[in-house]
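Common to both upcoming complexes is chain A, partnered first by chain B, then by chain C.
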Partner chain A sequence: MWPNIKPYIYVLPTAGVLLILFVGGLIEGLIQSLGYFPAAGQYGFSLDYYRQLLSSSDFWDSLILTFRIALLSSLSAGVLGMFVSVCLFMLKRPGSGRKNQIWQRFFQLPLIVPHLVWAYLMVLLFTQSGWLSRILASLGWIHHINDFPVLVNDSFGGDIIFTYAWKEAPFIALMIYPVLLRIHGSWFEASRVFGANRWSFFREILLPLLMPTWISSSFIVFAFTFSAFEVPFLLGVTYPRMLPVLSYNLYTSGGLEARPEALAVNVILAVIVSILGVAAYRLSQRWSMDEQGGW
Partner chain B sequence: MKRPKFFYLIAGFFILAIFLAGCAGQKGNEQGKSAGHPNVLKANWQDVLSQAKGQTVNIYLYGGSESTNNYIDNWVAPRLKKQFGVQLNRVPVNDTKDIINKLVSEKQAGKKDGSIDVMWINGENFLMSKKNNLLWDSFSPKLPNVKKYVNQNSPAIKNDFGEPTQGVEAPWSQAQFVFTYDSNKVKHPPKSAEALKQWVKQHPGKFTYPAPPDFTGSAFIRNMLYETTGGYKQYLKPLDKQTGLDNIVKALWNYLNAIEPYLWRKGETYPESASKLDQLYASGAVWLTMGYDPAHAANEVKDGRFPKSTRTFVLKDGTLSNTSYLSIPFNSPHKAAAMVAINFMLSPKAQIAKSDPENWGALMAIDPNKLSSKGQKQLNAIDRGKATLPSKVLANHRVPEIPAGYVDYLEKGWMEHVAKH
Partner chain C sequence: MRRIGHFMHAAVTIILLIAIAIPFIPLFFSSFSHGWRWPEVIPHAFSLRAWVYVFSGNSGTWEAVWTSLEIAFIVTLINLLLALPAANVLGRLRFRGKWLIEGLIYAPIIIPAFISVMGMYISFIRLGLTDSVTGVIVAHIIPTLPYMVRALIVSYSTLGFQWEEQGQMLGASGFQRFCYIVMPHLMPGIVAGASLSILVSLSQYLVTFLVGGGQVMTLPLILFPFISGGDPAIGSAYTLIFAGMAAFALFLMDFLLKRYYGKKVTVHL
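Let's look at the complex of A and B:
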């Protein structure tokens, strides 16, 4: 029995920390969302807070908005990231190693700017009273700064999607580029022999190879944008709010009574993301079974 | 592959243990109030001073005002260190609620030696922390400067948003809601809700207010509640004794919805904070802004953020005013030093310096009539800047705050009836 246990002993420290901090926090949140909150003198367990939440239109409006924004953000980041990395791959020719590396670094640049900073930059640059608007107004291109189009805090959420697309595309590129590096340059020449052009080379050969990684990294982006707080807080509109902002407002406004409801929002967020995670995992697994064979 | 049953067993055990710890660990400290340090309250002041020497006080307060931060860091801290040997460490928070949240977490975790020694609170945050036993004991009446300079019988001091303070917090500052305008653009500032409505209709897009639950935005709708429903007197009784409130408040929602189409961005969205509104004002996108600090506008002018022609005004029927307090949490590890720091901050010197815009410019919480003649002379000599209204004008246009219970009711109502509308 002893040799069997050994590997588990080795992972115990990591697993322990993970369980206590991550699972512990999750369980604590779950307990509070059920209304057990001794600091506020509440000791009962009930599903009332979930019932209350699911019957409020605030919640459903927020959920729909959150879905839409997370989906559009991850899709645009995914397409953009794929486009960039495939372009980098196509540009790569023997002898252009250095130049290629510079390009690659250039596209990774957004990774080092924190989300909060970029969200604030959006506010400073693109609001009606922002930098760009004032330059245009003083150049006389627009009559008054209020003629500048509404780009920030618009109710469609375009600014949030733009921020995420810009921030996450390099992440997706970073994830799929290593897969591309394993593809021999000669494959392209070989496909030429069979009459493939660039587009069909991409569609028939690159895409199937990239798909599993692309799906899982796009899903990571989806899960992140679905539950991240700072960007929608700065760039969203007053109503409807994205779910993390709704949860924050419930948590911070009013008495401690609204606390469990805020945590119920978080639990629902976590459940949705995990269900989608399982689905995405299955999808990418099936894809690699069907398409890749033994790659 | 063989199923790693053992691993599941360990994981399951951990999860169970965490769950139980989560439930059990919390029951131990239901009383909340820590039993430690009762002697500090009984000790005479000299003993408190000597206990405090060498301790560090962590003061948690709203960090969004440069002038407040400047006063604490550059005026209070060095003097406190020099005169009493107490180190003052300012910890800025974005919202006072964060302090309460931290205390709730500490209480839940059973933390006896907390991280907060002094905090700046009032209103609903006070109500919440009092209701949940997050505050220490009745220390304020023990402070020499409170005994000497604070008018402890004044209703504006004795009650914090209608809630009796019972000495668990000491008054530190007073504030009054004022509107700010650019006198070059606005010749006749609208001094009532009705006038504001007319003005907004004539100047579409030039006015907005921060979205409640932002502190300033929330105060704005409370002030408009008084304006549109006939004064503050009907709201003096607690929320649960009030009948037919939904019907009374309808007038406020109707008013706010009536001006909405003429607001900045047609009311599709509201600035999420007062500083965002200030930024809109500074850039000329809107022509009015507001704040719960009569000297804020003057400070912004001094720092060059607001135009020089900026002035402030109050409503004909008065604007909200409140007292804010310093309090000591139940689990403060340095209670003696906290008392010394608070006592020092209530000294005439510290309070006069606080009302000087050079340092901060906030209203005093101690009674000016109790100052020595020299102190009164110093107070009158302060140049409050062109944008700040004279103390008399402020004092004559003052209405009390609403009991704290209403604040949450109104914030929720605004989201429901105005933001969603």
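Let's look at the complex of A and C:
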């Protein structure tokens, strides 16, 4: 009996804390979003806040914007990360291990730098009076500050996408690099014997092997960019806002009676992100089952 | 063909280095600038005004750095104590319902912590946790604990049971086995988990703002007004300090690991 119960006792501290703080918070948020909010003197359960939300164009504009930004961010980070990783792998010099490790540290820098810092770097580079515009002006390519396009705080969200692409590409690269390292150099030579060039080696051999990890890590980036707050808070425009910023504004700017609506946004966010998380997990599981099949 | 390969490798590496390093150049200039007007690529005059302000007594920088580090270290210590037993069984045993526990532990990586914190804000008020460092520490556990457990699970899963069994046969007590067998093996995982936990805690903005209510000023909170339309020079100086603190955490982790093993060990982030 004792050995059967041991694992549960051991996981109890971590699981208990997460159940109370994380799941407890989610459930409390869900209950309040359904209208049970004693702090504002509301005791009845209803779907009014969801109805209100789903019938407002603010919400739908936010949702569409959030989807578009998350999709474009994760796609560009994914493509960029894959490109960098495969380039470094295919062009790798044999026997330069130590030097490579120093570079790898350096490539981790975007992962370590906080999002707020990275977003501000984009502001300094790409505003109309930013560094890029200054460089173009001194090269004589533009003559007035307004000749430089509005890239930061524009309603398309290009600055947010660019920040995420730049910041998350190293994450994708780091996730797929271990898979690349398991591919033997002899495989490339073998494919050469059968007449493959670098491109067809990539398409026929590397791509299928990388696909599961690439998709699952791109899903993680999608889920993250879908629900992260700091970057759109700094770089976004007042309308339309990304969902986390919309929730924050409803939560802080209105009175107590506006809070259930913010929490309803949060519940919708949590549901979407969880679906994405489960999808990412499933994809990586399928991959590790294939892995036991051996290659 | 081979020489072209070398050339391409060098070219790709250099382009990447530039892409990572270039954004920091205007940040550096901006923090030292003295009236940096538009077409100037390099400021015409430099001044230490922003840095003098940042390090002056009344800017609250030192308090903010100290508060940030205090919160990050206490959160990490709590995480370590909570995560050690959980990682022990999750890394080495199979048991019924394990996937459920793993799902619970990994979920906060995907679902952002502010959703939980907004949900239980009223309870936080009732428990007296708002506007206090204690409350911020409690809230920071949500996004950081999963990373600690994850790092320790990796370490435990390569440990197995045989070494401890051998120690037991040779007469080592439970405490001795933990100190001399388990701890040395876990060290890389502990260092990796701790630095991730510190990094994630340092970069929290919204959760600290919601729970701290403007009373608990950490570095991201003190930085934000300056970078969102405030004084760009001071904002840049703060941003450099913030980035430096995060980079220092990674450097420290690297240094500790190298000291411990006397050789390079790669840490999987």
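Just so we're on the same page, the second predicted complex is superposed on the first by the 257 of 295 C-alpha atoms of A that agree within 3 Å, B and C clash if a C-alpha of one lies under 4 Å from a C-alpha of the other, contacts with A are read in each partner's own complex, and residues count from 1 in each chain.
Here, a residue touches a chain if its C-beta (ideal position, glycine included) is under 8 Å from a C-beta of that chain, and two chains touch if they have at least 3 such contacts.
Quick caveat: nothing in here was measured; it's all calculated off a predicted structure.
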| item | value |
| --- | --- |
| Fit or clash between chain C and chain B when superposed on chain A | clash |
| Chain B versus chain C as contact partner of A:Val84, first or second or both or neither | second |
| First (chain B), second (chain C), both or neither touched by A:Ser129 | both |
| Touching partner for A:Val150 - first (chain B), second (chain C), both, neither | first |
| Touching partner for A:Tyr10 - first (chain B), second (chain C), both, neither | second |
| Partner chain(s) touched by A:Gly24 [first = chain B, second = chain C, both, neither] | both |
| Partner chain in contact with A:Ser186 - chain B first, chain C second, else both or neither | neither |
| Touched chain A residues, chain B compared with chain C | C |
| Which of chain B and chain C A:Ser253 touches, first, second, both or neither | first |
| Touched partner set for A:Thr238, first chain B, second chain C, both or neither | first |
| Touched partner set for A:Tyr36, first chain B, second chain C, both or neither | first |
| Common ground on chain A, meaning residues reached by chain C in one complex and by chain B in the other | 4, 8, 12, 15, 19, 23-24, 27-28, 38-39, 129, 134, 145, 233-234, 251 |
| Residues on chain A engaged by chain B in the complex (per definition of touch) | 4-5, 8, 12, 15-16, 19-20, 23-24, 27-28, 31, 36, 38-41, 57-58, 128-129, 134, 145-146, 150, 153, 155, 233-234, 237-239, 249, 251-256 |
| Touching residues (chain side chain A, partner chain C) in the complex | 4, 6-15, 17-19, 21-30, 32, 38-39, 84, 87-88, 91-93, 98, 101, 103-118, 120-125, 129-131, 133-135, 137-138, 145, 166, 174, 220, 223-224, 227-230, 233-234, 244, 247-248, 251, 259, 262-263, 266, 269-270, 273-274, 276-277, 280-281 |
| Complex contacts: residues of chain B adjacent to chain A | 4, 6-7, 10-11, 14-15, 18-19, 22-23, 26-27, 30, 32, 95, 97-98, 101, 104, 107-108, 124, 127-128, 131-132, 205, 211, 213, 265, 268-270, 272, 279-280, 283-285, 408, 411-412, 415, 419-420 |
| Residue ranges of chain C touching chain A (in the complex, touch as defined) | 5-6, 8-9, 12-13, 16-17, 19-20, 22-27, 29-30, 38-41, 81-83, 85-86, 88-90, 93, 95, 98, 101, 104-108, 110-120, 122-123, 138-139, 141-142, 145, 149, 199, 202-203, 205-206, 220, 223-224, 227-228, 232, 235-236, 239, 242-243, 246-247, 249-250, 254, 264, 266, 269 |
